[in-house]
Amino acid sequence: MSTLWLIILFPILTGITTLFTKSHKIRKILLLICSVVHMALTVFICQGSITPATESWFTTDALTKIFLSITSLLYFGASLYALTYLKPDEDGDQPSALLDLSFLRNKNAVFMGCMHFFLAAMTLSIVSAHFGLQWIGVEATTLASTPLIYHHRNKKSLEAAWKYLIICSVGIALALMGIFFLAMAVPAQVEFFTPRGLSKFAGYLRTDWLQVAFIFVLVGYGTKVGFAPMHTWLPDAHSEAPSPASALLSGALLNCALLAILRVYQVCAEIPAVQTLASELFVLFGLVSMAISGIFIMHQADYKRMLAYSSVEHMGVMAFGFGLGKVAVAAALFHAICHSLIKSSLFMLAGNILSAYQTKKVEKIHGLLRTMPVTSVLWLAGFLAITGTPPFGTFMTEFSILKTAVESRNYLFGALYLLFLVLVFVGMLTIFSTMALGKKMTVNSEGQPIDYKELNLRKDGTIYEHPLQYITPIIFLAAALYLGCNIPEPILQTINEASAILGGKAL
Amino acid sequence: MNSIATLLALSCLFLLGSSRLMLAINMIAFQGFLIGILPLVSGHGFSFEVIILAATGIIMKSIALPQMLKKALEKSGTKREVEPYISFGASILSGIILLFISGWIASRLTQDETIVSSSLIAGFFLLFTGLFTIITRKKALTQALGFLVLENGVYTAGLSLGSEFSFMVELGILLDVFVGIFLMGIMLFHIDKEFDHIDTDRFDALSDLELLNGNILNLDQDTDEEEGAE
Amino acid sequence: MDFFLSAIVAIFVGGIIALLTGKWRGVSNFFGAFSCFLGTIFALKPIYEVLIENKTLEAITFALPICSASVSLDKISAFFALPILILGFVSAYFAAVTVNPRNEQHPGAYWFFYNLLIAGMLSLVASSNAVLFIMAWEIMSVAAYFLIAHRDEINTARNAAWQFLVASHIGTTGIFFLFAILISAAGGYQFESFYSAALPEGSAAVIFFLALFGFGVKVGFFPLHIWMPDSYTFADSHVSAVLSGAMSKMGFYGLIRVLTFLPVHAETWGWVLLFGGLITGVYALIIGLVKLDLKKVISYSSMENAGIILMAIGTGILANHWNQSLIAFAAFSGALLHIFNHALSKGLLFLCAGSVYFATGTRRQEQMGGIGKAMPVTATAFGIGAAAISGLPPFNNFVSEFLIFMSGLKAASLSTPKSLLLASAILLGLGLIGGLAAAMFARSFGLVFLGSPRTNKRLNTKNIKTDVNFALIILSVAIVAASICAPLLISPFAGVVSEIVKPLGITYDPAHLATISAPVKTISQFSLAIILITLIVVFIKSKYLDKGQRTDAPTWDCGFLKGTARIQYTSSSFSEPANEVFTSVNRLHIRGEKIKDLFPAKSSFHTETVDSAEKHLFIPTFSIINKFLIMFRGFQHGKLHLYIFYIAVTLLALLIWKVVY
Amino acid sequence: MNASSIIFIFVSLLAGPILPGLINKTKALFGGRQGPRVLQLYYDIFKLARKTPTYSETASALTRIAPVVIALSSITALTLVPSFFNDSVIHFTGDIILMAYLLGLGRFFMVTAALDRGSAFEGMGASREVLYSALAEPSFFAGLLIMIYETNSLELSEIFSKLSLNFWQENPAILFLILCSWFVILLVENARIPIDDPNTHLELTMIHEVMILDYSAKDLALIEYASALKLWIYSALIVGMLINGEIITNMALQIAIFTLGMAIVAFVIGTIESITARIKLVFIPKFIVGSGALAIIALILKVAGN
């Protein structure tokens, strides 16, 4: 039993306690404590002071460090944000016939509890080296996050949650199939069913089974990552989930699933035949995802769905990068960091707008610059960041991915990549400018004049924004900006190690 | 071994053919039982862990889950699957086609193996049947069932490939599946409560069919008319 | 170099201070404008050193995430920094005395983006590294976007900003791609490494045309110009001055910079640039000649000048290809000189338009007239600017156009068919362009400032801002100076030219400088003479000769007494003959109802012309793209079954595609 | 700068206003009338110069400045014209461009000044003037191109001196075409029939005259003089183009031939004015563009020639 269990078990414990606490305040405190402790443990892991006893179950290699720190950071931000986002509500929902447990009455209790479980599941899927264990983790994230999506308990959220549950379960079942095939591919003498364990016996792995395994895993986990055309659950879930949850979903969860694919890819990278197949598939899915997301971001009527599709696009960008190999791998990993920071803050800002205007329709909102100064400025900054405008980090990564594409003479792919990026840019620009610019809004979604009192309006005509609502986005966006200008040495080293693991070059 | 595989296949065909949901659930329970005993007969010997796994598998898949689903069924008051996207006769036909496909794929995959394990074919067939059910049936319940079949398929294939993990992992996998179906069950209640039907084909409130108003690429504008400002 | 960097930093920091002190408008304005002034002062020293003293400043290197970038200032950069600094400073002054921010918003953001734009452009010319270049380019575009969108409560302004950013982003992809090719060929990000890059076969042409596309959007190369008129029109005037005077020049900078990376210039490129430029110029004038909006007219004129400059560059490339170093030299120096001169005069014109706007509250020429009497300084400045931009002696643009003409004449004297084609393109083309430009600006100048007011309510003398006159005077003086001291300007610019062609392994004979500056000397003497004599004679005439029994009378109106101001010629009627001639390009859209029966009811008549490139090329294409995109939206229909179906199909397809076969 | 060029300047400045007189005489001859004196324009100019100008009330300072600039532009342009078959006073590479643009400067001021009075008619003339001259510009340069192409020299005087007669003899077609196009330009720029009728009385049909409706006295004198000089310059160009100075060395002879040539040009203009009616305004652009087409055909012929 290594100390690593702690980082998984602690959230579970706090989660259970949360479920059974009545007071909203204590739950908030628990949430904060959990996230802080998790961060502390993460720091230890990244320092290398916590390492797995045996390499049979867990690993703390560079990949884990990157994704774990992203998750932990995002979770902290999300929990900070959740403090203001969740208004304490007295009435839970009606008791369900099967499980008449008291905590189910309280939406917030369930929500916060599941947040903890969600964290635990994600952490498990990140730190686990054993493929089976990792699969359990990923499946667990689905189970833990379904109640988060269903938090609002209305028809739409129910529909979203159901779709999410079915689609992701199916996908992950396929991934399990893939893992069985992977097990089929390994010779008997392999002691650890982990990436490193298999890499040791690269020579003895069986190509054909490995290929099948990779296809199954890619399609299966790809469903969870949101590669088109398996992405269909993503916009529904992200738009219906409460904003802290959507921030975590697109910022952290997708990365976990991506990591699960990368682990298998790590094995495939050892064998040229499979490696080429894997790269082809990565490029294929990357471009398709970017195309689909571009098409749906253009004319998108719902700004949270727009953000969701943008996640699809960025997952596509990363996949494209992994497929290209070389420097692009490092770039893609770096892109994952930047994307998580930016996208989560965008979701939080979307939450602010939603809670102020009570509508997700783009055309119902304009003149934000005049009503929500801080949020709207960050909103525009986030737009620039997510579309890869310098000096944000995303620019560097997207450009070096393009560079790699051109270097390896994939002119066509490079051109398509740029084309889709432009498509996304135009669509997003339209949406963001429609919302931020223009005259101050006077009518609400129903067309009645807005009662700015209920939006607790200030004297100068701006809506009151609680500091906790925008402190996290400010920090995250600032971080993304800073990463664009200079990557701190330790982060750079970790990224380079990770890309070396995946057979890529250093950034 | 082979007999179990055949039984599994038959149960699938039954599942495809039958419109009555209760029967379908019973079929699933039967499948659960078959898959439960599969590791025992697959000749890996009778270790303690194997027995435990088989027991939990049987309890979960052929007793607990079917019971819950039956509850849900009774509560929703629906008896049978009404017009699926593909009629039952056609479903059976396509089931047979799927059987051929899975046989083909399995043989192609294992062409350099000594034997084409029948349970691998069964696994593929279950998997495809599960997918097929989810795709063609309308009731949310049936989709849950389909998912269960799919899971069974994966499990069977896993067994047939003889790739067994350590005890803990296997247990974890089982647990996950269980919780998954369990959640689906709970949500079935909620769906029933919210929509007072469990037809997922009416689940299309969330779509991207509506466009953002106004011409996105608005190039045409009578600029001479409107005054800009300094 | 430190000075140049500190200039950039000063301007940027000034913008931030202005942003922070935005609550107090005076303070914010002061910091915003003063930092621009300070930056100009700082930056002039290194520019002087590079251009005049031929020093080479050591580059400053710093680290970026994916490479280490360095900034340096060679002659080309220094030259292109000039318009930025001049206009940046003058427009900053103009802004400081006029910026009247929306009441909801403090001017801080405004200054922040203004200074960001200037700083971005300065770092663009200074950057000698691909990544840094693109970063500066994007920052510049974004800052410009926010400046144009400053009046976002107006729909058209929002649309203009939208068009601008979309166009510039689409263009930027070309730049991304060409730099990606260069980087992968050179294996480095620094510009130095590009010179020795081993380009793969045929990629030089790809790079050139990508550059033409990417930078052509910025300079307004036909038909990539459609964003241009609106953006320049709906931005505030001093912003338009900077956009058109400095930012569009960055396009030329990029084009020239990329040309230096390419070892050999194919002949086709020259022809493309030449005739592309010709079409651009003529088209711009045909459309601009019938536009009713003052700032639109000026915007189209900057497109026209872009055409002239492109023609000159094309000539240079062709001449280099034919080893006619003198022609190439004349053409390139003409191009550079024209870039400089155009920046001055275009800035002046836009600022004049701005100060007219304050007085009248409109940009529509139909509603102006007789403003000159109320605003003599503005009128004079506009007159000078108009005469200059239509390339008339004694003003500076004539000198640069003359150099281009000269390269054409020299080409004619080569007496080969190709050279004759080149020569006729330049002589005939420039001749036509010059004539039409004169027509266009005579029209605008006459109808806005001369005659009598067409509507009595428009001009409000209280709104006249006299303190902007300083800015106008500076630029007018600069124009006159530039035309009289043209010979002095040529020698430093010649250095820039030789820097441009150095990578081609071409070195120009120093004698060429003498050859082309000899006529320029004579011309500048002419200019001086004309200006002086005119002043003297006018002085004498008005002082002594016009004395005596003067009986001033109303304008002769053919015996029709009491003619009102309404009978004056309007801008649309002025451009009517031209419209008749070019009607195939700019079809007139007439709205309004016919006058019927004996006692007609009140009827209206309205004519307008749209940019046919926009109407017949872009709107159709974009709507087709729209339809195509919308086709796919059924994909996300909300049916769970089919979502699962996608997954199944994907899986099967991959299995069958990859494994089973 | 040699003696002949100085003389030429003085001669031109003095003799400029004769040409319109000659033209009118010719027209009178054709009309079988006595007609005004040849020196009539001198009398007019002197008469006007003695008077005090009357300005429109709407006129601004531009109205007062414009005549000076217009006159100045013509005079400065004159210094670039080859004196009888020899060098011009000031000659340098591409001086012809400067000449063309100097005349353009005059036109610019003429037009803007016309708009200055806010008249109902003057704008009319202005709008036509700018368009027609803009269209005329290319055909002028096209004609020029051929000569440069032939002579390989970029100075006007040099071009003219190098244009040997036998070049014209060799290809008369080119000669004819260029002559036609340049003559049309002369007519356009100097507002002669069939483009414009200098002594029509209907403002609606005027081009040049309508722009100076509101000028009087000294200003009008300056403008009349300037336009006379302009006519002189264009005629001088045509004469210089046709007759080669190299073969005639004796200066007196040169002057004689030059004067004769100018007289002939004036006579031809007069003839054209008497035998043709002015064409419809709508057709004028086509007319001008057609003349440009002639020049371009000549160009093509030339290229095809070698």
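All chains are identified by letter, namely A, B, C and D, in their written order; residue positions are counted from 1 within each chain.
Note that in this section a residue touches a chain if its C-beta (ideal position, glycine included) is under 8 Å from a C-beta of that chain, and two chains touch if they have at least 3 such contacts.
The shown structure was predicted, so the numbers you read here are calculated from the model rather than taken from an experiment.
Note on connectivity: the fewest chain-to-chain touch steps from chain A to chain D number 2.
Here the chain pair with the top count of touching C-beta pairs is C-D.
Among the chains present, the centre nearest to the common Cα mean is that of C.
The most distant chain from chain C, with centres taken as the mean of CA atoms, is B.
Separating the centre of chain B from that of chain D, both taken as means of CA atoms, is a distance of 94 Å.
Between chain C and chain D the centroid-to-centroid distance comes to 36 Å (mean Cα coordinates, whole Å). Note on chain placement: the centre of chain B and the centre of chain C lie 64 Å apart, centres being C-alpha means.
Distance between chain centres (mean CA atoms), chain A to chain C: 44 Å.
Shown for chain B are the residues that touch two or more other chains, namely 109, 131, 134, 143, 200, 203, 205-206, 208, 211, 216-217.
Shared interface positions of chain C, defined as residues touching 2 or more other chains, are 162, 630, 633, 635-636, 638, 640, 644, 647, 655, 659. By the definition given earlier, chain contacts exist for A-B, A-C, B-C, C-D. If you check the complex, the residues on chain C that touch chain B are 98, 100, 151, 154-157, 159-160, 162-163, 226, 229-230, 233-234, 236-237, 291-293, 295-296, 354, 357-358, 361-364, 608, 610, 614-615, 618-619, 622-623, 625-626, 630, 633-642, 644-645, 647-648, 655, 659-660. Contact residues of chain C toward chain D in the complex are 369-370, 372-373, 376, 379, 383, 387, 390-394, 398, 402, 405-406, 409-410, 412-413, 415, 417, 420, 423-424, 427-429, 431-432, 434-436, 438-439, 442-443, 445-447, 450-452, 515, 518-519, 522-523, 526, 529-530, 533-534, 537-538, 541-542, 545-558, 560, 563, 565, 567-569, 573-578, 580-581. Remark: chain A residues 94, 96-99, 130, 132-133, 135-136, 139-140, 142-143, 146, 150, 153-156, 158-163, 165-166, 169-170, 173-174, 176-177, 180-181, 183-184, 193, 208-209, 212, 235-236, 239-240, 296, 298-301, 305, 362-363, 426-427, 430-431, 434 touch chain B in the complex. Against chain C, in their complex, chain B makes its touches with residues 85, 104-105, 108-109, 128, 131, 134-138, 143, 200-201, 203-209, 211, 215-224, 226-230. Against chain A, in their complex, chain B makes its touches with residues 68, 71, 75, 109, 112, 127, 130-131, 134, 140, 143, 147, 150-151, 153-154, 157-158, 161, 163, 165-166, 169-170, 172-173, 175-177, 179-180, 183-187, 189-191, 193-195, 200, 203, 205-206, 208, 210-214, 216-217.
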